[in-house]
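Next up, some structures in structure tokens.
Okay, so chain A shows up in both of these, paired with chain B first and chain C after.
On to the complex of A and B.
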């Protein structure tokens, strides 16, 4: 691990189906849902966005801009050197409105707002305008690895300029159009379940989630540092579980760690009896006996759910505590929570590993 | 029967609030003579595009000269007067 660049998470802002917008409270109360669509718990937007700006923003832009604002305030950074966002599907609801109007109006007399707010880079542009950031601005739209691509980009940039602050984030919305299509493909469960019982189900599909999470990433620590992001890696479409197991082993070896060095691993199981197969195998083999938690019963499944996992891992290290409803096995907290490994999966095709350590 | 300017003022006010999400945003003392842009309501260039589309969609009026727009979109009353004079749909 010596000589390898490290990255500091110096601020976080996240809006999710749980009450996560308050950085001082760490899952003190859990939101439960009796339907398969989990939507964001939001604060009063007027506390974060000026009313003139607020009136034209759609729900997801409000959520994204609020999360980014919370992150900037948390990191005590006014203007970052760059802004990078990632999304699996972008603003699907707004895209649907735009396309509907296009059809209804026979491609004439289209209102500009729907179009502007349906573009993938609308959020990163909006944040840049809000904080007057003239620096690097990019948006990745790469389905289940969108957030991982954002991180990859920021990490490469920080190697060149470790002093810089990059505001990086991810967002995906629980859009109706995606829900109906996903039900047909059995990506989401056909039967209604209670979200906190997600991992007790034995059927195909997960539950739909959404959220926006922002992180201030820098090569230098600050007095607001949550934890260190030591490394991140992803695998696309592995041939079998063995390839993922070998990937985990190589990732740990690259970082001079063994499985026993991991105080907690966070898995990205989605409650899908079929698509969780690799994660289940990892739990029974590679990570057997390692303190363990999972998160998708809290935030639902989305292309960028790994951003929720990164917040969860960083929060656990910061608070040195795993909330009781999240404990899986063994139930007793380890003596320390210094090294956290997140292993996320999306559709059993996109796998990513995040290694977090205490500052 | 053709709508009067005053009827159009009432109709436009409701339409503007809906189209531009101005609910809870109207400043104290706002009326049909308050300037929509600048020191008045503070609308911006995107709003002006929305207003151009609104004129076309609801009243069948196509504004082609940007200079004309400055006068037409000065206030709700100037919009109502312009629609009253130029629209065949009211």
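On to the complex of A and C.
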């Protein structure tokens, strides 16, 4: 693997449907949900955002800015060299507020607040404004590959300047609008389930999640390093499971690894009987016998759920521990947790692989 | 050693015309796309005008030979029109298309259709033809549609940084090529007018009810436009392998953040200055070697002052020819960066400088004046294209002749 650039995750801040905002506690208590919508467990925002600013921000911006602030503090970085965000639906509830108003008021007497705060780069701009970062700023909105595009962008920029710190992240809200529009198409389950039972269901659809996760990515380690992000790659619209299997094999080969080198693989199954087909086949073939865990019963499904998985993988490596509710094979604890492979999927169309290693 | 990045094809549809040739002719003929709003259904038809593509969806479907029940939004249709022209101009084979990346930009994707069927979509009990627009509030939806239709498999991504979006697709496309992740990336953006956009900008009170006047002291705001534009970027190696003739080179780019205000540019144009300076430094081009700047020039009070001061600061008393072609196309938002990058490439190909329409009165805060008449037989080697947006985004591209 000589010559291949190495990326360090030097800080994390994450808000999710679990109590993840405290980096010292790793899933010590679980939140369970009896609805199909999982929403963020949030800290006191005023501990992270100044009160004047706080009043002006919508919920998603509050969650996003808080996660970014936790990450900056964790990494002990004041101003990063660049800020890159990814989101699937952005501020869809804000978009809908403006939309409803314009439809109800026949396009008259509208105020711009909802419109302004629905712009997809509102969060990356807000963070730049908050930390006075005049450097690189970009925002991806590529459905199930938005966070993956963010990583590609930052990783290329770090090849040019390994000393730099890029604050990268993803966010999505459990938008009511998305739920209402797409439940008809069974993106979400028709019947109400308990989130922790997600993988015992046999129906179509997933449960809706949300969150904001930020990472400080650098080409240089620091005393706050969580782990190494060794590589990331995605496959768009594979023809069949075979293509994804070949993709995993090529990805491992590119990184001079065999499947036996993987201490833990994390899969992005969503609890959808149909859309999990490729992931299930991977579990029965490529990854047979490899220590295994899943995560979408904790955070729900969203376009950027892979950012939760990245935090999870980094946490497992940092704490050298897989919390009980995550174990799919609790009887087979691996001897070590040094190499973690995440295989995420969104709607069985967007697949991505993240390779994490201990520093 | 990183790869050089060349442009080998482009495609464009705007209010100036449905392809590259029509756009070029309109630029030469000073024919702006500004006029009555009569394709989009909005109450503002009576008071607001815009730069609309005067082709209804049905005709776009027919021209593309696509069935009308496929759920393609107007944004996707405009996008496909431009994307197919770009692929055809570059002469890409189906296998080359498959192995290309696609980076597309939009500020609101299929919101035009989403708002039209909003009440039906929000009622899970309802069934009907509208369900084909289920996911059109997702900005990445159009990009997947585009990729799937033309058969792009290798890499996709959607960018949305407001009005600088498609400039950033070109930047990231070039990054992917320079670092040898991809040999070829098609970059650009697509945007259709919607009630959402028109009312959003109207509520911000930055729309001019008359034809916009970039860099004029009496400017009152922007005109909204729609369109799509895509550019085929290829590595030097790929150009050599395929034997394709490069049209221009994407030599440098810069991206910065003004970090001043959520929806306004800094009064001194610091972000604009940094982005342009970075683009020049990367291209190893000195300010006095820049022959033309296609300005962001939205004709809002705020942008033109900020951008003008940024230009003056960088170029001192040797400011090159500059103009805003938004006086022709209106502001096509996420598509503007790639629309204007194509106008820069056309300027290099034709050795012409496009005029800034509607300029009459000098801004007292600036010592510089945009080009007012079409300049033929100009000598253009290095051209700068600026794109700025909400959220403080400032992007600048340096395009060069080959």
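As a working rule, the second predicted complex is superposed on the first by the 356 of 359 C-alpha atoms of A that agree within 3 Å, B and C clash if a C-alpha of one lies under 4 Å from a C-alpha of the other, contacts with A are read in each partner's own complex, and residues count from 1 in each chain.
Here is the rule we go by: a residue touches a chain if its C-beta (ideal position, glycine included) is under 8 Å from a C-beta of that chain, and two chains touch if they have at least 3 such contacts.
The shown structure was predicted, so the numbers you read here are calculated from the model rather than taken from an experiment.
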Check whether A:125 is in contact with chain B, with chain C, with both or with neither, and answer first, second, both or neither.
second
Counting touched residues of chain A, say whether chain B or chain C comes out ahead.
C
Could you say whether A:221 touches chain B, chain C, both of them, or neither, answering first, second, both or neither?
neither
Could you say whether A:141 touches chain B, chain C, both of them, or neither, answering first, second, both or neither?
second
Examine A:52 and indicate which partner it touches, taking first as chain B and second as chain C; both and neither are also allowed.
first
So, does A:116 touch the first partner chain B, the second partner chain C, both, or neither?
both
What is the shared patch of chain A, the residues that chain B and chain C both contact?
110-112, 116
Report the residues of chain A in contact with chain C in the complex, numbered from low to high.
83, 88-90, 92, 95, 98-100, 102-103, 106-108, 110-112, 115-116, 119-122, 124-126, 128-129, 132-146, 149, 152-153, 156-157, 159, 177-178, 180-185, 236-237, 303, 349
Report the residues of chain A in contact with chain B in the complex, numbered from low to high.
51-52, 55-56, 105, 109-113, 116
Of all residues in chain C, those that touch chain A in their complex
42-44, 106-108, 111, 114-115, 118-119, 121-124, 126-127, 131, 134-135, 137-141, 143-144, 147-148, 153-162, 168, 172, 175-176, 178-179, 181, 195-196, 198-200, 202-204, 255-263, 270-271, 274, 389-393
How about chain B: which of its residues touch chain A in the complex?
19-22, 24-25, 42, 46, 49-50, 53, 56-57
